[in-house]
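When the chains are written out, they are named A, B, C, D, E and F in that same order, and each has its own residue count from 1.
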Amino acid sequence: MITRFDRVAVELPRPSAPNANGAAAVQELMGGKFGELSTFMNYQFQSMNFRGRDAKHARPFFDLIANIAAEEHSHIELVGYTINLLLTGTSTRGTDPSVAPLDGTEDNRNTLHFIASGQAALPVDSMGRPWTGDNVFSSGNLKLDLLHNFFLECGARANKIRVYETTNDPTVRAMTGYLLVRGGVHVVAYARALEVLTGADLGKLFPIPDISNKAFPEAKALEDQGLHRILFRNNPQDYTRVGEVWKGKHPEDGSELIVQDGRPEGAPPPVLEEEPQLTAPGIGAIDDDTLREILKRLEA
Amino acid sequence: MITRFDRVAVELPRPSAPNANGAAAVQELMGGKFGELSTFMNYQFQSMNFRGRDAKHARPFFDLIANIAAEEHSHIELVGYTINLLLTGTSTRGTDPSVAPLDGTEDNRNTLHFIASGQAALPVDSMGRPWTGDNVFSSGNLKLDLLHNFFLECGARANKIRVYETTNDPTVRAMTGYLLVRGGVHVVAYARALEVLTGADLGKLFPIPDISNKAFPEAKALEDQGLHRILFRNNPQDYTRVGEVWKGKHPEDGSELIVQDGRPEGAPPPVLEEEPQLTAPGIGAIDDDTLREILKRLEA
Amino acid sequence: MITRFDRVAVELPRPSAPNANGAAAVQELMGGKFGELSTFMNYQFQSMNFRGRDAKHARPFFDLIANIAAEEHSHIELVGYTINLLLTGTSTRGTDPSVAPLDGTEDNRNTLHFIASGQAALPVDSMGRPWTGDNVFSSGNLKLDLLHNFFLECGARANKIRVYETTNDPTVRAMTGYLLVRGGVHVVAYARALEVLTGADLGKLFPIPDISNKAFPEAKALEDQGLHRILFRNNPQDYTRVGEVWKGKHPEDGSELIVQDGRPEGAPPPVLEEEPQLTAPGIGAIDDDTLREILKRLEA
Amino acid sequence: MITRFDRVAVELPRPSAPNANGAAAVQELMGGKFGELSTFMNYQFQSMNFRGRDAKHARPFFDLIANIAAEEHSHIELVGYTINLLLTGTSTRGTDPSVAPLDGTEDNRNTLHFIASGQAALPVDSMGRPWTGDNVFSSGNLKLDLLHNFFLECGARANKIRVYETTNDPTVRAMTGYLLVRGGVHVVAYARALEVLTGADLGKLFPIPDISNKAFPEAKALEDQGLHRILFRNNPQDYTRVGEVWKGKHPEDGSELIVQDGRPEGAPPPVLEEEPQLTAPGIGAIDDDTLREILKRLEA
Amino acid sequence: MITRFDRVAVELPRPSAPNANGAAAVQELMGGKFGELSTFMNYQFQSMNFRGRDAKHARPFFDLIANIAAEEHSHIELVGYTINLLLTGTSTRGTDPSVAPLDGTEDNRNTLHFIASGQAALPVDSMGRPWTGDNVFSSGNLKLDLLHNFFLECGARANKIRVYETTNDPTVRAMTGYLLVRGGVHVVAYARALEVLTGADLGKLFPIPDISNKAFPEAKALEDQGLHRILFRNNPQDYTRVGEVWKGKHPEDGSELIVQDGRPEGAPPPVLEEEPQLTAPGIGAIDDDTLREILKRLEA
Amino acid sequence: MITRFDRVAVELPRPSAPNANGAAAVQELMGGKFGELSTFMNYQFQSMNFRGRDAKHARPFFDLIANIAAEEHSHIELVGYTINLLLTGTSTRGTDPSVAPLDGTEDNRNTLHFIASGQAALPVDSMGRPWTGDNVFSSGNLKLDLLHNFFLECGARANKIRVYETTNDPTVRAMTGYLLVRGGVHVVAYARALEVLTGADLGKLFPIPDISNKAFPEAKALEDQGLHRILFRNNPQDYTRVGEVWKGKHPEDGSELIVQDGRPEGAPPPVLEEEPQLTAPGIGAIDDDTLREILKRLEA
């Protein structure tokens, strides 16, 4: 069960310009094999499916996976709002269809943004292909699931790096910079879990791929504030033992890993203007009398 | 953003017997076109994608969709734990692979439960096909999205009815009985939203399909307690205006619709025994010395 | 454009018994790669897409493909009704869900027949996988399209043979027997088209696979009546020149190929009983007062 | 069973210019989730699968669905010919491959139009993804199927609106204008069916999305002629009772709904020039001697 | 480029009995996400795509991946022949279709084995779903690709273990026993590669999942012969430097890792009897005169 | 079993310029329905699945299919290297992500080349859709499989022709020219096999589509050297009887068909430069100290 909050994980600046193909590319971080839907769903299923989780030796690993799942939900929203901001204004605003307000959108890479959605995010990747449950790995074996998660986060990191590199847009960079840091926490967390479970030392594997978060100015700024050291204990009552895994030194810069109770503070979600040419949401195209009636019924 | 709680929406009794094909059938309510992943993801995307949501006439509809999304998350977990309980004990427990502990599982309909997962839920339907983002509809037009959601919930209701009818198993019946009632709330909620938005009267359409929740003993018991009248305001601070839509009389029995703040109380998640023949989770197969080392590293 | 008639291509006897897995197998002939949806859609697209069709040398080939498309539509219906007949009575009839009327259906191979449909056909194959547009080949090159069609019909023939061999059921055998003969006509028709187009002699390739229609009693009975010699000119006004291809001797038995104007006479579609446990269609579960109101509204 | 006619539903003007990406976008109306393949196949399956259709209270609904299916077939062809016209001339005509006649086509959004087909329509959507049987809903419950169809037609309407808005091209506008009107008839027809079945009044829901057909000049012209008031009784002998549902006033402009026997008159299909660089169809590239031999074989 | 040999990697005993559902389960090791098609294709693509491979520090890693790809090809064949042996004799042999020789096969889990193939292997998984290119990971980053491969081989190991556990059948056990050993070599090889590349020590991670190959009698017998210590240098001229990675001690039993030039000796492929009821291959159903003509044409 | 060689089938010139969309188009020849993965996998499965292959009348057909499979493997590599060469240099080289080195790549048709791979080939088609096992046909009936293969090769030929026509690029033309000739050999080989098996004469069907290889300068040059007449006996010891099928005259130019033992000589694979902005492979971005350590570990 969850309580949902109308906040996003980090404040998103407005894009430098509307950018339909940029939005199409960012979809990879939403619905791609290594996108946020994948991380969220993997940990959601692994936590539900965890057998023998109440065993003394097992519980901290359950707590870790369940707890990270909760943070991934906020990453879905962060990527979603980024896509929505990039798509805002990508066609001609107005209520008259006969002026061809979507002229030119047929040349964009993801036509579903204009035909299926109202210039908004969809659970698809950068090729417009839908996210699929095939992306979920939940073998039931803890060590194998942790290894999977470690790989998944490294793959996700590579995708974030590459999407970052496509653009100077401030929204995309703020989002990917933040996710590189927070995803980086999850990379380390699963490595730590494997280390605690087996005694192996994975520290020398970092970073995967071979480029540091510090090379990304937006990520570096957040790491300078220590955001890469913090595991947020989403619900301190229920996932109490995450600190038995998340502890010690960060493998890349040797800083101390710390557990912080509660969610990140976050920010209000960005405002998404109406796009009347897509009747999105349609309220704006309604005459005043009808609006009054709606209001009357709402207030009834 | 969410806070996650280690609770399930309603207490689940233990199954009358392990039941692999029963679990395979219940997967339809997880990963089917009309399963809980679909309802959750549809409302998640529609709420992120809602343009112009801060307009006076629009906000209650945003609040409603965003709020219902939060409840759907708990339904994923309820279905997941049902599947996991049904799969518990469906093969021979033990750590010796040479006795063919999975003998006979190759005749089960969903072999992925034994090969891909550790006798646990996957994001697939009753045919073992993965859930797909194609199941998400988010047109941006409020009226059309509400109509979709109304249809989606009616389709989901049909699926729950049919899965209910496959079995006398108490776990499946407790789960489907509960979901018929709560899904029934969502059917009415989206109908109410369409009514408030347009002035139409959809009351005579109920029930879809043509059979009342009262015909299902487990659902009737909950409706006798009034559970079908309550919309849980998941987060009273953020989704404040849901009551402007959820109000008036229930179209089927004329009872008063009420908004209740907070999540349902729920129950602790059921215990899932280890399945060592699948090394799920593997802790149980580890020798005592190694266990001690793990514990030492946890406590370090 | 089409005119549709409420007839099926050949009279279907009732099945010897309800047979859910038999129905699942027959789905291959509906939604499989070589099923009737494939033949219909291939020829439908090839006829719409035919470039330069009015050229003197090209038109008879267009006529042939367009004309066969029309017959394939009736094959979809024939397979559909066969599936529906097999599924009739495969669960316990009644309106009380609490007696678990679908008990046991979770062991059937295609649970979608009971959850997604009302014990009725779906556009899926024998594994329950949906038919897909990937099954359509329409290269634009006439010779290559004809070669494809020849291969497609041979593959379809192999599938019909194998479905036939699964059962003694009279409905399945009547349907497959009929389709072996009519599909056999299409095999020969596309071979003839290639011969007329290129001058090659394909006669010695028959039959593919290496077994004659005469080995199937239900097919032999129809061939004894000459049904394998007839190409039905679906619309004599519009597809006039099919006889320039369909002429000469049948490559297997040397009988004369003939063109016959109009559709086959066909038979009334079989009656499909209601399945109230699936509220299919729901009318039967409605009380008398409501029924009267429906009637009143119909007659208004 | 069907009789097929070599006519299209409405006359299509030639495009203002060849337009490969325009064709790619129009594919959404062919093979998209809400495209004409979906409407056709949904009603085709629902009509075959209709249980208890001969009951007095049920038959008009069967007639309606079966009858609309027949009209949808003509919409497939209308969209197909539009795509084919747009693709005509999008590469360099000629028979010499060494001049790179397809140069530049690798930048088009749908390369399958040039590699898989001969610059012609495919059963795919605007992203080039194949139509799938997953798009068919056939629950067996009449009320639920009608609700689905109502939603499907509203979703299809949204897609037509958006494709219309992409362009000033006369072919696309003639096609979408016509389909908005005829699809609009189907929206109303399924709403009427729900009203007759349940007594609900859905009139105030219109239009979905919130924009009238009258805002589209090409649609308005047809509605001025009353085309939105007419249900064509495709086969007056077999689908006799459609008028028990299609009657009363149009919910948007209050005009009288009328049943008209027979198909729309339609128009001859447009001429599709050969594209020799794709050997489509290949006849044009053949030397005179060979053509003479083909002709001789045709005339033999 | 390859030279192909008509040998299989290890001698396969005949199955204890025909076993259609057993064959369906083994398909997971062929076309599943972690099946042999996946390992083969992943390494095939990674080796073709390896940028900068001739660098002194990079070449041994290229050699390793390219070399292992070659061995995976033989694993495809080993799994394929196992499936084919299990399917041999699963229906009634004969040439008369009217005796329903496939009776009962419609209850088998994978009907494609009887309809699409001639009781033989297909590139599908244990649910009959096709292998897909989505299973290939080729990021271009060496460290990430190696991590992927290490995970892939561990996942594949889990699948082999679980398939082994379904049965006592000697063919399946011989095959899985062999693949556990050889796949185990690849697990270690990719771990070694990561160690050599980064200096990390992954030795304590083994085994993943938490069960030793020694627990499987057929695998233990082969490890007792040292088969788990050998990397076969498939082509000593071209993949010369694999020994710079494959060296040192085996992480589980401390034995010395050795490179052996050439392929394993292997064994002749098993004999697959004809299945005339499926006309597979059809030669056996042909009359003597025709056979003589075929022979004449072969010898011409 | 195979021995793999680090050679490509023919020398590939460097592209005239980096060309991302060109690479996307060439992917059709890799992972398209008629791409090289399809030909390879079809013959691989058909050869493993061949029942009764040791019969005197059957063996030459097995030898042929198994032998051609081996050559197809080299075609995968040829297409792969072509894609990799075209993608080399399509973004800005360097190790600083903050300069947006992938700027503009979001407009390319296949973003997976930049996000999922390191500017390198993937098992997908020209629309970025993954190759699927659905592309494999292996019915078990020899005649039907041969007919399929004949059609498959003709379809593949059409695709090669069309990809050739998109460009003047020397790499693409060298590759397609070579494959037109070698694929042409396979077209003839399967036609010959059908002729030997049945006695039919398929000679007049050629060429399919209606354009000769001689019209393609790069193909013509190779045919002038006789490359279209040669079947390479990949392994003379194991596939000895291919010459009983591959013999007689070439159907197009009447030249003598000959069997040549061994693989084509081939050429060294092209050099693929590093792309450091994608950390592909990452070695180049590593500091000298670390490189020295890697070398030390390699040489240890």
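The rule we apply is simple: contacts are C-beta pairs under 8 Å (C-beta built on N, C-alpha and C of every residue); 3 or more make two chains touch, one makes a residue touch a chain.
Bear in mind that the values here come from a model prediction, so they are computed numbers and not experimental data.
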Note: chains that touch chain A and chain E both are B, F
Can you name the chains that touch chain C as well as chain D? B, F
Measuring centre to centre with C-alpha atoms, which chain is farthest from chain F? B
Using mean Cα positions as chain centres, tell me which chain lies farthest from chain A. C
Can you check how far apart chain B and chain E are, centre to centre, with Cα atoms defining each centre and the answer in Å? 39
If you average the Cα atoms of chain A and of chain B to get two centres, how far apart are those centres in Å? 23
Residues of chain F engaged with two or more neighbouring chains: 33, 109, 116, 127, 129, 134, 137, 139, 141, 143, 158, 199, 209-210, 278-279, 282
Using the touch rule from the top of the page, what pairs of chains touch, sorted by label? A-B, A-D, A-E, A-F, B-C, B-D, B-E, C-D, C-E, C-F, D-F, E-F
Complex interface listing, chain E residues touching chain F: 1-9, 31, 37, 41, 44-45, 48-58, 60-61, 66-67, 69-70, 73-74, 76-77, 80-81, 84, 116-124, 130-134, 136-143, 195-197, 199, 234-235, 238-239, 241, 244-245, 247, 263-264, 266, 271-275, 278-284, 286, 291, 293-295, 297-300
Contact set on chain E toward chain B in their complex: 21-22, 24-25, 28, 32-33, 109, 126-127, 129, 158-159, 161-168, 209-211, 215-217
Listed in rising order, chain A residues that touch chain E in their complex are 33, 134, 137, 139, 141, 143-144, 147-148, 150-151, 154-155, 158, 194, 198-205, 208-210
Touching residues on chain A, where the partner in the complex is chain D: 95-98, 100-107, 109-112, 114-116, 127-129, 277-279, 282, 285-286
